[in-house]
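Quick one: the structure is below, questions incoming.
All chains are identified by letter, namely A, B, C and D, in their written order; residue positions are counted from 1 within each chain.
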Amino acid sequence: LTNTTSDARSARVTEVVVFGASGYSGLELLDILARHPAVRVVAASSDRWAGEEVAERLRAWPTGLRFAPHAEVLEATRPGQVALLAMPAEGSAELAPALLERGLRVIDLSGAFRLRDPAAYEAWYGFRHPAPGLLDEAVYGLPELFEVPADARLVANPGCYATATILACAPLLAHHLLVPGSPLVADGKSGVTGAGRSVKEELMFPEVQENLRAYRVGRHQHTPEVEQALEEVSGRAVRLSFTAHLIPMRRGILVSVYAPLHRGVGAADVERAYRETLGGRPFIAWVDRPPETALVRGTNFVELHAQVDARTRTVCAFAAIDNLGKGAAGQAVQNLNVLLGLPEGTGLLPGVSADG
Amino acid sequence: LTNTTSDARSARVTEVVVFGASGYSGLELLDILARHPAVRVVAASSDRWAGEEVAERLRAWPTGLRFAPHAEVLEATRPGQVALLAMPAEGSAELAPALLERGLRVIDLSGAFRLRDPAAYEAWYGFRHPAPGLLDEAVYGLPELFEVPADARLVANPGCYATATILACAPLLAHHLLVPGSPLVADGKSGVTGAGRSVKEELMFPEVQENLRAYRVGRHQHTPEVEQALEEVSGRAVRLSFTAHLIPMRRGILVSVYAPLHRGVGAADVERAYRETLGGRPFIAWVDRPPETALVRGTNFVELHAQVDARTRTVCAFAAIDNLGKGAAGQAVQNLNVLLGLPEGTGLLPGVSADG
Amino acid sequence: LTNTTSDARSARVTEVVVFGASGYSGLELLDILARHPAVRVVAASSDRWAGEEVAERLRAWPTGLRFAPHAEVLEATRPGQVALLAMPAEGSAELAPALLERGLRVIDLSGAFRLRDPAAYEAWYGFRHPAPGLLDEAVYGLPELFEVPADARLVANPGCYATATILACAPLLAHHLLVPGSPLVADGKSGVTGAGRSVKEELMFPEVQENLRAYRVGRHQHTPEVEQALEEVSGRAVRLSFTAHLIPMRRGILVSVYAPLHRGVGAADVERAYRETLGGRPFIAWVDRPPETALVRGTNFVELHAQVDARTRTVCAFAAIDNLGKGAAGQAVQNLNVLLGLPEGTGLLPGVSADG
Amino acid sequence: LTNTTSDARSARVTEVVVFGASGYSGLELLDILARHPAVRVVAASSDRWAGEEVAERLRAWPTGLRFAPHAEVLEATRPGQVALLAMPAEGSAELAPALLERGLRVIDLSGAFRLRDPAAYEAWYGFRHPAPGLLDEAVYGLPELFEVPADARLVANPGCYATATILACAPLLAHHLLVPGSPLVADGKSGVTGAGRSVKEELMFPEVQENLRAYRVGRHQHTPEVEQALEEVSGRAVRLSFTAHLIPMRRGILVSVYAPLHRGVGAADVERAYRETLGGRPFIAWVDRPPETALVRGTNFVELHAQVDARTRTVCAFAAIDNLGKGAAGQAVQNLNVLLGLPEGTGLLPGVSADG
């Protein structure tokens, strides 16, 4: 009943390499993949923890695999493997072309391949993109809204805030329920693992605990990613004012979206838009109360809810995800499943197996 | 150097009675008043803790005062005292008239006397107001924007979310920087003491820790209070879409306001509006970064900041307060100082004394 | 590859009933069992949430199962099923005999069947045991130290503090490394879910956050359970002074044990004792640094470490577990696996399947 | 009514210089001293924040004082001032002699002058003491147990864990209630500010939140400090096995002490020992329940409690303090008051003034 038992099954096991395995998203990838019935992690790169057993950081890790230096892992990659990149965007932008050239398929968890416009990287990410030619080929991996072809070579896994914001807004835009031309307002709130394992004074426990603040007001790099996706969904220009907030918790993102509703649109129209756009998708949970991050913690689910504030003609829409789940590693495995021709929930949902 | 040393000084000491002293705001009142040079707390009502020494709950409490049953405290009140009410709104609405009749002055920390329209109480608070005749007399105690006469008999201390939202918005409205007619969007985030000492499953530690959710979407009772105040400031109708969020921390409120800016308004205009409307006030701190609740914790300060998101023509304004400080007990003492003819910072700011 | 796919496999699926499914341990049981390849949860009792879908509380729950009233679930039980009881001890003591009579096997997560001496229940639990005749039959389900027969009808799943304390002490006692007759001192520290989903003022978020306190000093009900187990391990009388502490976190237990070492015993002897007593067990991790609860969170693992304080001839031993994992639901599933003749790690460890 | 009003009073104001003002203890010193009626902070050294206004970090700071570089502050010191050193031990050991030479009196919050034996610094602190000649002159500033002469030039402010441990143990030892020769066991638990403002991966929010671990098992540098103090109290050799634990909270220390009681000693003897040794001291609160750190947060109080575990003949004693209050800055101000001939509670207790 596992991925290691019989020859027939091992024939179908795909080898996976994780780059940046010591970050929060990288470790979460390992944690999910340990349970995945159709893949085997053959290498986990981390310069920081090189030489240490994965099991020292992830108690339930089933093999003797050790973290290995980045360069060494790259060197050992082989065609047919899938590489999962959990690194800063600039590093991914350099690494992905090399991996494609070596015959691997790549799922990149950074922002390096999410935007189609190379110029946007200078404006929002602060670096000149080293491989602009790949931006058109890269597939934006949000399977609830966009097709991810099973033969894609390069998947750009969406950002955490972006995933929540896009899913909260897409039904409203797809059904043209909002006043056209009005900007969307999204107030994002994230746990601290969203900032990665960066050692900064402002992320020390005593600075974060019992504290609350906004950051990157109006200039968060997920903004153009959301606009690009929602323009594709709606066929119209979309302007988003996005503000991120740091919440004293480890995991979880809640995005609260506020937008002016078209005259005559009511609560039933709103709920119908969500059901029609996203209903039936395995990881979407429409709930009739405000979503809670605790209820999606450790999962690949999205809780969605929207309410009409009739006094002000505002729709208030909410999406809760685990920033390391649907916001990063969970969604990457969902995309991996698509690439492997497996049910999207394989390894992510109990009761969903590699053979459907 | 204290309030108890000389006859000359004790002549100026005012007797204060705290009702609802076992709630978080009530205890905070006691904590602040213990240090106040010109008042003496003569009674603290709490049915829950009746008979216990205040010092058992507040280590630094300097006297042998015990919590006493509500009815007993009421009975013992005397003309000339000031009553501070830290109770649920419905209880305050009943109690305040009785205290006024007994010759006390009243500062009410609940919502019972904040709205001028009696009908609004049924709509937003869920009870029929028992003393609608007092709503006109009650003074809204936000001294940064509205005059609080020193001879006021009844002060309605503003709500925690309302204080932050009003202060974040007032400069923008007073200077007519916003697109008229557009609703204001305010995303409020509060620590758990904002919910009071209510014993509810949803406020248990394991339910709140590592969790995040919205509540009272579009129907929080501070909404009409904010609209009423901002209409007075701006002279125009104001519509607010307010959504509250529960944050896994004890104390602190951050309100993030989003509103469409008038064409041609820039960052300098925005900053000038804040300086002109609120500059020079002792508890207002304009900061050039997003406010942090940790920096106002345990104080009566407000940190204010606003930024122009030029891409979307949105102003993003932020106010951080301590919900138990400027959001409740601190502001009540500030109002008390006004009633007593003292500098506003007496007992609240180091270096500000009862004689100025 | 899952438990639901083929006829051949479903033949081996055991039906499980969870009583007390809305508590923290009960929900954790459901969460683990959802992934278990050889069992199917056919009922989940909860008077509190009766009628609600399990998936509303546990997003990834794969079926349409609803919580059902306790009495109704009991009524529907059938011979051959296994009942997992996640209820207060007094309720379990009443329910278990009825279930055994109906032909079920029972794993009880409460303390109701852990002590052999009926009189101890009055002293430590405050009730007279209603089924003292079952105390001898009940098997103490700590498979690392005691044999759990595959045909046991009634398994008493160890307490959370007890599990950590026993595992931290057993090697020292089994190898007679301690000064005989000296009491063991254990300082237990637990996250708040250890207190169950009880709605009490002292467990509200504002009371627990940024707070720390001892409770049940010297009279915690896990004390006799630890002494009984360690006496069996060592063949001598054992006295334990145990003090519990409430830590501001959701999950996790760390027990720190302090005991005087026999003259001449050194660090190598201590480490050897742990390796000989517990080495090779699938959920035991001896670590060469102080254990961290975060590293066992969400798992059935125990991190163990001991150090010799040579200056004082004291051994300092530490065990970290997840109170809901190895301290409750995880260990219950481990015991369930033993009853079903499965590898202990089935459903608990990635890569361990129902067929080994 | 304040420290700034009249000439007569300002004549008595002492100038204070804070070194290391940007650490958690340094900032807390500033916060307390802002309210102190008889001192004026004339300089605050911090290389990190040099040039910034103190009020940017401490909202209620009443003056325009700016943090200044360490060397510059040293240069500007003048005879008659008191220097408060909130720096790492090695830095204090270098700085204090220079300040004494310049005619200042010094209260050092580090461990640099707490131990009388110079050799102990190499063993426990890892550096060779640069001014061993001062160790005899330095006064250990725990006024509840040891006299602090008003004319002391150099006060060694006790460590945070040491303060709690010594106060929890001293009454038991002073009254000879323990089995002689048995080591004391102390299990210390501290919030994260106890580690100082050090930017380390292990103190990042995601590493600490929902985690719990021991550190410096048996080799914490406060151990010899506690032994030295308790030997002075008891007149006998004292051996302490001390283990520190990191708790996911900002502030607060709880030390739990376990020791074998002399035959025949009962609860009444224990309580009497505490009352006789520490009763009547302004910051000591004997409580009849386990102490809570939340109840001493932001104060200079100690909550003490002890209980006899009669089954094991163990006394379980507990002390809760605020590590930044009685564990650092509060106690430093208490010592400052002694040096200035003021009541110990001046600036620390409401209602205690500079003239008693």
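Please note the rule applied: a residue touches a chain if its C-beta (ideal position, glycine included) is under 8 Å from a C-beta of that chain, and two chains touch if they have at least 3 such contacts.
This is a predicted model, so every value here is computed, not measured.
Chemist: Matching B-C on over half of contact pairs, by residue number: which of A-C, C-D or A-D?
Modeler: A-D
Chemist: Higher C-beta contact count, B-D or A-B?
Modeler: Most contacts of the two pairs: A-B.
Chemist: Determine the centre-to-centre distance between chain A and chain D, using the mean Cα coordinates as centres, and give it in whole Å.
Modeler: Taking the mean C-alpha position of each chain, the two centres sit 47 Å apart.
Chemist: Please compute the C-alpha centroid of chain B, do the same for chain D, then give the distance between them in whole Å.
Modeler: Chain centres of chain B and chain D, defined by C-alpha means, are spaced 35 Å apart.
Chemist: Calculate how many whole Å lie between the centre of chain A and the centre of chain B, each centre taken as the average of the chain's C-alpha atoms.
Modeler: 40
Chemist: What are the residue numbers in chain B that touch two or more other chains?
Modeler: In chain B, the residues touching two or more other chains are 191, 207, 209-210, 248-250.
Chemist: In their shared complex, at which residues does chain B touch chain D?
Modeler: Those residues of chain B that touch chain D are 1-5, 9, 34-35, 37-38, 56-57, 59-63, 209-210, 285, 287, 295-296, 298-299, 301, 303, 349-355.
Chemist: Could you list, by residue number, the parts of chain A that touch chain D in their complex?
Modeler: Residues 24, 191-193, 197, 199-201, 203-210, 248-250 of chain A touch chain D in their complex.
Chemist: Provide the residue numbers of chain D that touch chain C in the complex, in ascending order.
Modeler: Within the complex, chain D contacts chain C at residues 182-183, 185, 187, 189, 191, 207, 209-215, 217-218, 239-241, 243, 245, 247-252, 254, 256, 258, 260, 290-294, 297, 307-314, 316, 318, 320.
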